[in-house]
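In what follows, a structure is listed as structure tokens, so that the remarks can point back to it.
Chain lettering (A, B, C, D and E) follows the sequence in which the chains are written, and residue indices restart at 1 in each chain.
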Amino acid sequence: MLEIDNLTHVYGPGSPNEHRAIDGLKLSVAEGELLCIVGPSGCGKSTLLRSIAGLITPTGGEIRVEGKLVRQTPDNLAVVFQDYSRSLFPWMSVADNVALPLRRRDMDKRARREAAQEALESVGLLGAAEKYPFQLSGGMQQRVAIARALAYRPTLMLMDEPFGSVDAQTREDLEDLVLKVRGHHRMTIVLITHDIDESVYVGDRVVVLSKAPSHVVGDLRVDLPGPRDQITTREHPDFVRLRAEVGRLVRGVDVATPA
Amino acid sequence: MLEIDNLTHVYGPGSPNEHRAIDGLKLSVAEGELLCIVGPSGCGKSTLLRSIAGLITPTGGEIRVEGKLVRQTPDNLAVVFQDYSRSLFPWMSVADNVALPLRRRDMDKRARREAAQEALESVGLLGAAEKYPFQLSGGMQQRVAIARALAYRPTLMLMDEPFGSVDAQTREDLEDLVLKVRGHHRMTIVLITHDIDESVYVGDRVVVLSKAPSHVVGDLRVDLPGPRDQITTREHPDFVRLRAEVGRLVRGVDVATPA
Amino acid sequence: TSGGGSNANGLEKTDLLIGQYPGADSAPLFIAIERGFFKEQGLNVKTEAIQAPQAVLPKLSNGSMDVVLGSYATILTIQSEGLEKFKYIADSYQGAAGAFGIMVRRDSPIKKVADLKGKKIGVNALKGLGVLTMNPHLKIAGLDPTPGKDIQYVEVPTTNWLTALQKGDVDAVWMTDPYVSEAKNKLGATMLVDTMSGPTESLPITGWAATEKWVAANPKTMGAFQRAMAKAQNIAATDRSAVTKILPTFTKIPAATAATINLGNYPTTLSAQRIQRVADLMVEYGFIKSKIDVAPMIVTSQG
Amino acid sequence: MIATLVRRLWLAPVLLACWELLARAQASPYLPAPTRIASWMYERWFSGPYVLTEEAVDNFVPSLVRVVGSWSVAVVAGVALGVAIGRMAWLSDYVDPLVEFGRAVPPPAMLPVFLVLFTMGTQVQVATIVFGVVWPILLNSIDGARNVDPLQLETAAVFGVPARLRLLRIILPSASPKIFAGLRLSVSLALILMVISELKGSTDGIGYLLSTASNNADMPGLWAGVVVLGVLGYALNSLFLMAERRVLTWHRGARRTA
Amino acid sequence: MTITATLAGRGRISPSRARLAKYLRHATGVAVFILAWELAGRTGLISWLPAASTSLARVAQLAADPAFLADLASTLTAAAVGLPLAVLVAVPVGLLLGTVPVVEEMTRAIVEFLRPIPSVALIPLAMFFFQPEINAKVALIVYAASWPILINTLYGVRDVDPVATETLRSFGFGPGAVIWRVSLPSAAPFIFTGVRLAASITLILAISVEYVVGGAGGIGAFLIQASTGIGADAMVDVIATLVWAGLVGLVVNTLLLRAERRLFRWRHA
């Protein structure tokens, strides 16, 4: 589904402010897989995501989505941006924000409206459909961004810290929502998170990135038995072990690479 | 230090979109205390914070800081906004962003510069001082906002999910940094977080808010022995008990108040 | 403008658009309209207020305007630049004593023409009748009238003639009546020199012009126009009150002022000889580069 | 470098060529060919001892002084007033109708009034240019100052940033992209008004030359003036864009399209 | 400080009273101006300046003068035709130049060459090539009124938040959709400022053309007539006509502002 080969990105190449964000990163994601990416702040996760989405042209290496080289944004892709509040359109109501991308689908106005309502309901925001983004709290805005991506039913979904601004309870609900949707519609999902527990709970695989210039320092398959459940899964000894392992990798990175 | 009495805030009163965010909230924070606030997404935490900072005039009730009724922004107050990326000034370098508020203090240019450098160093961003905000990752921007508040040395610091966008390791470092700074400079801190562990680890007290219209549903004193330490404190039985209790309160709220 | 309509006299066109500057010069036109002289000739005349013929030149060239009232100086300038070829089809206005002159303030140190050396004089147009008629007088007084030498000409809108003079923005203003009388009465200004005297006595001022193309295409219409105008011109020339009565109807000159206005003359025939004086003066003072023979530009009444 | 120049200037020769062809085909005196205009310009203005002839120096220099001086006055007045009105709702309530009224009054027709209010010459010219030029600066400054991101202002308020700094370091920079749009409009507008201010009551300047050419029915002369204006406008605008690039580097970065 | 004050103000005072206070301030501002004008005229502080009362009386008279009203209508017609045309021309071009920097760079020289050319100087050309006269007038109006819209569109588009653009692009929308759905709405308020600037320019230009060419009526032709008066009388007429131009501009602007407030409600966050 997604192959990243020897990806390198340098910001402002040649300028005195040159910054090598990603260096020779290799990664491949199978269809229907949910890959979690963790790594220290500023290591290049968002840069990686933007490259996959075709929003920046990496200075080196190749990215292929469904075998096709990414030059522009691949089809059927959705992104939940880290900067969710700026990615909502302030001139549209919440419902319109969610419904807008559906114009690319073969849907009439009513169908779009219904799909938007459904997605909003699934993130617990049905009541806010007619409000404008500025009338929502931070966490609610973030959920609108998630709803927009979900309603779109992409085949590849990129999520950049999508649950960073919501409370613990909602976060768990949203994690389960993503798992459910993935199961139903066979999406491939790449999810960036800082929460190690979350990465293990949600992911089929967890990839740990190093400090910038980032590359892959750990790649763990998460084989947990049965459907995930917030209580039993988190108590499972495999979960505890994996979580400790990811934690070690993340920390290890920090110790190994001096500032 | 901070007294909130019967605070009520209604958005768009009288309009069809009227929304009662806070309802009769009572709270007081002692000098030098670090109060954590947890509550479901959209319950009114940010609204509360803005009211304390004098940025919105609540529709009812009173807020006093150091005995004085809040009408405008109280002196010596700093805020780390939830929407950190928009609260940075894109036309100033990172160092200038941090140094700007210091012009209020009796500091010459060099002293301001040094204070800014020091604050940036403490959040691990010394190398980014001359960059512009848009050249930073989300987590780095959030740390700049924290550095700006820290450098200002306020007597009352309000933080709205200040560690939401950084990785686990950095988050722990920042938690300890806040604890250290609080100890050195006797700040009073009100910190909003969604991480229940964090609220217990960092707070002297944890206040749990209900769903909107929000009021206080739980107010726990955190009496953990000795200085906090990321490993030993989190293993302490009291910590585990408190954390469970806060968790119960947060969840309980959800069950008690139907959507 | 298209012809059309009932056309008893075999006119090429019956609807005419006439450009005119609202002032005493065009009084006969309005007398002709008021008394139905054009109707008699089967003409349907519409007028348009203009500031100067240059501005409507494109309209004359492309045929959307038929006849224009223009100062001889302006029309001859255009002619000599080759922008358009004009014919004069009727005379309109001619200088007379007392109505045109250089005005100075009551307390002005300028007592004689020679005192104007190094001074600023306000005029309505830099290459207009004012400058043309002042130059010979300046020359007689021993001054070099070439712009920038002894005299500075400054363009001042007529609205500001009196204010500019009084405020001292300029040292003198070349005026026409009724401004001359107004300046005398209101400001106590005096006329330094009458520019329609001596070498410039009775100089032709304005006339009716049409393009060569138009004249060639519309000989009958032109004849009709000339006949109507001639009748009106006769009235203006003989009955002063007809002019002073019509003035307030198409200008903002109040009736009381109009009654006492100093007027120029309304010649009843087109004379190449008279107009040649203007052309010669223009060559002499560098308004145009080469000598123009005016006679071929004159089209007198046909049929 | 060369590629940039080609990219920036290629259109000029192409249009000139089209104009030349059109002019020859039309043979209308109103549209003289560029070559004819160029030779006129060379003869009258650029064949002097130091390139420029006396006529050129005597008229171009005063015009430039007028336009730059008056523009500066308009910028200071427009930005100061605009930011004040944009930030202070009550002030905007007091002056809004007057501003909107003044904006719609045609500056060329205001000339007689200015001739009454001010002394003919420099005073009237400065008044005409400033009056004509100030509106886009004012309106865009109001717009920019009014729409500063509220969160940025809240940040400033919270940190007790003093009023003076708030103006200089937050409101002005945040409004600067809009202000600069207004300034850019005003640069070329200033040239236009310079001409208008020199049509009457003036004894020198490019507008004076245009007025003479028009009086003389001298079409190549008129076009020569127009060409000089265009070239001047291009030059002034290039200077302006250079300054803008310096001031707004942050903006280009922050608004990059990656 | 100002910000907290206005925020607080919004919360407490009822909307209708706030509106009344606003109109009162409008009236006060206008009254102070008229008073200053009256004093300047009456005391002879500025000689030849007709006092406000005299001028305003004439303004009122003109309202009942059919000749003037016909002229006014003719000017307004030209302006009303010209403004939408200018918007139709300038907004798409501005969007194009704003979103494709290469095109902007390639056309900059010619744009910057054309902008400072006074429309007044182009009148003969327009008169010759466009007939009848109303077309020439409209062509000149479109020419002059397009610039502020164009420049404001250009700068507005450049000020669009890139995160918003990227969001739409990431959903696979093409450049056209990005322009239509993000650049345009996001820049719209600023484009609208350009339109408001252009609106007064259309009026100014219509009047200027009429004034220079004379011609088939219009406020400009009325001004030519007015300037045949003498001294203070002419001044009163000129000023009264100018006041009318200003009043018309004021009304047009108020209408545009109303529309703006409707269109961009989301902006009052």
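Odds and ends about this structure:
FYI, contacts are C-beta pairs under 8 Å (C-beta built on N, C-alpha and C of every residue); 3 or more make two chains touch, one makes a residue touch a chain.
Here is each chain with its UniProt name: A, B = NitT/TauT family transport system ATP-binding protein; E = NitT/TauT family transport system permease protein.
Everything quoted here is computed from the prediction, not taken from an experiment.
The chains touching chain C as well as chain E are D. The minimal number of chain-to-chain contact steps leading from chain B to chain C is 2. Counting steps between touching chains, the shortest path from chain C to chain D takes 1. When chain pairs are compared by their number of contacting C-beta pairs, D-E comes first. For the pair chain A and chain C, the distance between mean C-alpha positions equals 83 Å.
Centres computed as Cα averages put chain A at a distance of 49 Å from chain D. For the pair chain D and chain E, the distance between C-alpha centroids works out to 17 Å. Taken residue by residue, chain B touches two or more other chains at 54-55, 72-73, 83, 86, 135, whereas all remaining positions touch fewer. Multi-chain contact residues, meaning those touching two or more other chains, occur in chain E at positions 1, 3-4, 47-48, 124-125, 128, 161, 166, 211, 227, 234-235, 238, 267, 269.
Counting only residues that touch two or more partner chains, chain D has 30, 112, 116, 154, 157, 251, 254, 256, 258.
Across the complex, chain C is touched by residues 47-48, 123-125, 127-128, 131-133, 211-216, 221, 224-231, 233-235, 237-238 of chain E. Those residues of chain D lying in contact with chain C across their complex are 29-30, 111-112, 115-116, 119-121, 199-203, 211-212, 214-219.
Residues 50, 53-55, 72-73, 75-79, 81, 83, 86-87, 89-92, 100-101, 103-104, 132-135, 148, 152 of chain B are the ones that touch chain D when the two sit in their complex. The residues of chain E lying in touch with chain D in their complex are 1-4, 6, 21-22, 25-26, 28-30, 33, 46-49, 102, 105-110, 112-122, 124-125, 128, 147-148, 151-152, 154-156, 158-162, 165-166, 189-190, 193, 196-197, 200, 203-204, 207-208, 211, 220, 223, 227, 234-235, 238-239, 241-242, 245-250, 252-254, 267, 269.
Across the interface of their complex, chain A is touched by residues 161, 163-164, 166-173, 181-182, 185-186, 188, 264, 266-267, 269 of chain E.
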